[in-house]
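See the structures that follow.
Two complexes are shown next, each including chain A; its partner changes from chain B in the first to chain C in the second.
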Partner chain A sequence: MSIRRLLAMAYKESLQIWRDPRSLAIALLLPLIQMVLLGYGVSLDIKRVPLCIDDQEHSQFSRALVERFVASGWFSVVHDLDTDRSIRDAMDHGTCIGVVTIPVDFSRVLATTGSAGVQTVFDATDVNTTNIALGYAQGVIAQTTADFAAQWAGRHGVRRATIGTVDYEPRVWFNEGLESRNFIIPGVIAVILALIGAQLTSLTISREWERGTMEQLISTPVTALEVMLGKLIPYFFVGLFDAAFCLVAAISWFDVPFRGDMATLLAATALFTLVVLGIGYVISVWIRSQLGASQVALLLTMVPVTMLSGYTFAIEQMPAPIQALSLLVYARYYVTILRAVFLKGSGISDLMLPILALVLYAAAIVLIAAHAFRKRLD
Partner chain B sequence: MTGAAPAVIAEGLTKRFGSFTAVDRLDLRIATGEVVGFIGPNGAGKSTTIRLLCGLLRPSAGRASVAGFDVARQPEAVRAHIGYMSQKFSLYGDLTCRENLLFFAGIYLVPPQETEERIRFAITMAGLDGREDALVRTLAGGWKQRLALGCAILHRPPVLFLDEPTSGVEPQARRRFWDLIHHLAADGVTILVSTHYMDEAEYCNRIALIDAGRLVAIGSPSELRRHDLGGDLLELACAPLGAALAAVRQLPDVLEASIFGDKLHVLVHDSASAAPRLQASLQQLHLTASPPRRITPSLEDVFVKLVSRPMTQG
Partner chain C sequence: MLRRLRVMLMKEFLELRRDKWAMFRLVVPLLIQMIVFGYAATFTVNHVATAVLDLDRSQASRSLVSHFVATGRFQIVDVAATQAQITRDIDAGKADLAVVIHAGFARKLENGQSAPLQVVVDGTNSNTALIALGYVSQIVAQFQAEETRKAWAAPAGAAPPQIAVALQERPWFNAGLDDRWFFIPGVIGTLTLVQVVNLTSFAVVREREMGTLEQIMVSPITPVEFILGKTLPFFLIGLGDVVLITVVGVLWFHIPFVGNPFVVVVGTSLFLLAALGMGLLMSTFSRTQQQAFALNFFLINPFFILSGFAFPIAAMPTVLQWFTLINPLRYFLIVIRAVFLKGVGLHVLLPEFAAMAILGAVMLGLSMLRFRKSLD
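Let's look at the complex of A and B:
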């Protein structure tokens, strides 16, 4: 291999990236757009879910319950449910997705029996939101009820222990606020890098075939390895630049806590960038039209990376064959590393396994890429 | 012709694509410093032969060597010793003239201390002084082709393969391009150049005529011009040409007839007896015709006879 030829190749490729509006847009604009779309658009948190309260009692308790719902921040309480308007109507109109009914005799039943029921009805067309909202609603109601029961017991000289409440003090680690953003944004970085990396290099060989420059290039003594490395080097720096942009955006714009060390993250990012660029390059060698190569690159990255990397859908909850399949998805390891470095502050020693997986992947793809390109027309 | 080993040797060179034979048992020897013109209709196998000789395609049968290296077994050594201009323009349009030259100088490992001088030379040769920093896609055809030639000779290759380098280039620019070819040949560079312009065939030391993948004839322009057509050639102007051609072909005296520009070329056994009969027949058909005149066959007449179908015009 000649360093001079390698540099000539890399310099030429850099000039072409710089002068090609499409490459520049993919390299510079796409990360920005994706970061905004995925960063803001994808959230598993619920905030201000519209909730109706059908307060048939109008007591101290019912007012307290409404206050607690509002104070939680998870719900916005819509008061306009009058008794003659059915619950069904409110849900059909989308006025609210849940109704909490406090019966007329709630306080009396609670006072005489020590326990009383509150009815909740939820619209389950959006299962995810409803599941989460239902959980929060139960929490609010249980807490309020328990407090009331305790007050009632105190007033009536009954010792609290006889009611048999258990104090439950939940603690979550690493993402204390249970912010799904902290969990999703590191994954978004992986998705963006995978998409952009494969897109960029998927055009690099096919463009030379389409423009007719390839025939000239392969008539020279340049070697396949020099072509590959010369083409990947500039894109590698573009990839690292995009990664840096995404990281800075994640930390300073989306306020995702960063607890790990940069060195681990950079090493993993460099490996991952190499893998995605290599995949794009191999696609580009195999498919000689720019459009075809770009489509295949999109298909081969988008589906596995969004579905099987664990960036939104937990791999642990998938059926065993799909879990096995996800082991092949290179982004899975990077997502794991990103999350661990960001939220847990893990270092290289904690992440040996996923880093090793990325090293193997990178080695394999570089090997395939180095042998994929043939300096022949037939 | 010199006594040195031939720069290009092809023996039984064959290339098949599936059931189609693009190049069929081609034998060719080109001496060092010779300019050989490759002539033939479109699809005759000119480009395929050149690609085989550049090591871009693997021969199906036969062998070929260029500058002493076997094209199938030592393609990289061949590539280091040749310059190639493909039929389609193949420099980087989004790079400037200088950037293209710098790129190929790097790829061909031109010694760094000589790079600047050779780039300077290529720019002057292409007539691009003052336009070094223009993007190549903005250049006109003639400039592009001369720049492509400049890129192909940066490493001073002993053998040059030029595949229709002047197609689509205006006549003056074509003339200028051929001057460059002759300058290179004078320096000892061996050149195989394909073309479909008949006038360009005259500029070559030898012409190789190829048709349907086979080498039909090879020789200097004057040798080929003396090729026996098997009769006398008559030329006549007549109108309408198409009707006249159809009519002439029906006549018993006529061996062959074809359209050359605005005239008919008619091959007959004996011009003295055939000419009056030819004119009489055309008048009978109410076709206006000039008196047939015996002419010396041109290269094109020979090619038409050898290929027995019309040559494509650019």
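Let's look at the complex of A and C:
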């Protein structure tokens, strides 16, 4: 390997990056825009569930119950309904995602039998929202029951029970306010780096083939290893720049608490960037058409990184075979490291396993990449 | 015109056929993604790894712990002996939740005092933590109600208060609250968008980069014919994609399809129109395939995240909610979920259809204008 040839190769590649300002602009702007869109857009905090009320009784009791739904602040009551037909209509049009029906004999049944039912119909299409809304509704009803029971006991002169209350105070560690932003943003950094990295290198060799410059490249004395390193080095710096940008934005703009060891994080970031670029490079060597390379890059980076890295969907909740598959997803380890360093304040000793996984991945990818490219024209 | 269009289409399909891996790349990744996405996308929270520290060792504390186990939502991974062990479990990620019952819990409860129950949760995954805490508060409420009932029944003579309001829950459209039913229709839309936009955005740029665009320009073909010839094959591929992965969704994942297939076909056609418009517009902004690809990566992720696929649009800041209005995926997801699960008809979905048609018309029109300009 000759340093001079390597530098020449890296210089050629840098010139090519420099002379394609659109691609460069995208590589540099992408983190900014993605951080803003994803940082703000990804939230599961459901407030003010649109609710329709179908109060068939219009009694003091039923109105008190409706009042409680409003007062809880979790729901916004958008409509009063009257008939079954309009419940179905409201649900179809999505005006509300829940309808609370208070039957016409609600307070009579409550007074005579001691228990009465309130029917809630929920649009369960979005299961997560439904579960959260149902939780809110159960809270409202539980509170109401307790108050009604106390009133009832008072009226009937039943002795107040001497049972205490369970004073349950949850303590949340690592992400005290349970902000989804603190959970999402570190993951977003991994996604951005993976996407940029793959996008930067996955067309780099196939482009030479399609444009016919490969013959020129092969006719020079440059070796396969020099081609690989020369192509990866400039992009490595672009990737590191993006990573630095994302880290700064996460800490100073989005106020994600940073509690861990910066050196560990930087080492992991460098490893991860190397893996991502290496995978892109291997794809581009193996698939000679740019369209084909782009499709494979989308399949091998976008999908696993967004779905199997744990960045939005918790890996522990997936079926076992998919969990096993996720062990192959390099982004998974980086997401783990990012979250641990940011929120848990972990250092290198806590993160030996994921870092080792990244090291192995990087070594394997560099080995494959070094042998993938052959100076042959067929 | 028709003859020239036919020739153009023949050329496009020939190009596709000559790339022997093209068909493979169109079908196999799609199927793999459908299966993996289908299993991976879930917000269900089950088997939360839980550590328990019971310092009270009373009947009440044991009963509380058994309430946790009985729900099936929590899986006890460690019965700790000290507070330090709990801390270690959470720190090391062995447990995501810890329940600590302090000594004197039962005594305080019996004496009518407040009995503190400490619950520690790892908040790193805020969503899981939030849902797990919801389960905890339900369990605590239930435990409290049972203990209260027992205490009330105890004094002789006093009738137990029977007053209770019950919440009868009727989840419509997805009675089992299976969130796969929510995600799989979304996966169909997302995969189709990614595939079609990627293919289309490369279509024109490739000709430009390879220098064959000039050959086409000297032929008598008009810009409209050229665009039609470029987009029609992808329209057909897109339709095929939707059919293929819908069949997988129904047969493999057993997602109910209660609606009218015709409504899906109309909705898909309009959606594809918008996706084609998006891809073409991107290709008019790119000189090289590298640029088209970069744009693709740049845009696909926000379009995916800001579509309501997983994250409710209602939970986004207002400005981002406006942005979702130009996202064809947003409308298609509403359509496909409504048809799959609710079985609603055409008339209910008219606003979504109109939005996709307008988006498609605007983007196709814009890209035709830009394309004509680049020809001059």
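Everything that follows uses one rule, which is that the second predicted complex is superposed on the first by the 266 of 378 C-alpha atoms of A that agree within 3 Å, B and C clash if a C-alpha of one lies under 4 Å from a C-alpha of the other, contacts with A are read in each partner's own complex, and residues count from 1 in each chain.
Keep this in mind: contacts are C-beta pairs under 8 Å (C-beta built on N, C-alpha and C of every residue); 3 or more make two chains touch, one makes a residue touch a chain.
What you are looking at is a predicted structure, and each value in this text was computed from that prediction instead of being measured.
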### Task
Return first, second, both or neither, reflecting whether A:Ser252 touches chain B, chain C, both chains, or no partner chain.
neither
### Task
Could you say whether A:Gln216 touches chain B, chain C, both of them, or neither, answering first, second, both or neither?
first
### Task
Could you tell me if A:Asp20 is touching chain B, chain C, both of them or neither one (first, second, both, neither)?
both
### Task
Going by the touch definition up top, name the partner, chain B or chain C, that contacts more of chain A.
C
### Query
Is A:Ser294 touching the first partner chain B, the second partner chain C, both, or neither of them?
second
### Message
After the superposition on A, what does A:Ser76 contact: first (chain B), second (chain C), both or neither?
### Response
neither
#### Entry: First (chain B), second (chain C), both or neither touched by A:Thr125
second
### Query
So, A:Thr112: does it touch chain B (first), chain C (second), both, or neither?
neither
### Message
Can you give me the overlap between the chain B contact set and the chain C contact set on chain A?
### Response
20, 211
## Note on the structure
Given the complex, residues on chain A that touch chain B span 2, 4-5, 7-9, 11-12, 15-16, 19-20, 211-223, 375-378
### Complex interface listing, chain B residues touching chain A
17, 51, 54-58, 75-76, 79-80, 82, 84-86, 88-95, 99, 102-109, 112, 148, 151
#### Entry: Contacting residues of chain A [partner chain C, same complex]
20, 22-23, 26-27, 29-30, 33-34, 37-38, 40-47, 65, 91-94, 110, 113-132, 134-135, 137-139, 141-142, 144-145, 148-149, 152-153, 156, 158-159, 161-176, 178-180, 182-183, 191, 195-196, 198-199, 202-203, 207, 210-211, 289-292, 294-299, 302-303, 306-308, 312-314, 316-319, 321-322, 325-326, 339, 343-344, 350
### Task
Spell out the part of chain C that touches chain A in their complex, as residue ranges.
19, 21-22, 25, 29, 32-33, 36-37, 39-47, 49, 64, 90-92, 108-131, 133-134, 136-138, 140-141, 143-145, 147-148, 150-152, 155, 158-159, 161-175, 177-179, 181-182, 194, 198-199, 202, 206, 209-210, 286-291, 293-298, 300-302, 304-306, 310-312, 314-317, 320, 323, 334, 337-338, 341-342, 344, 348
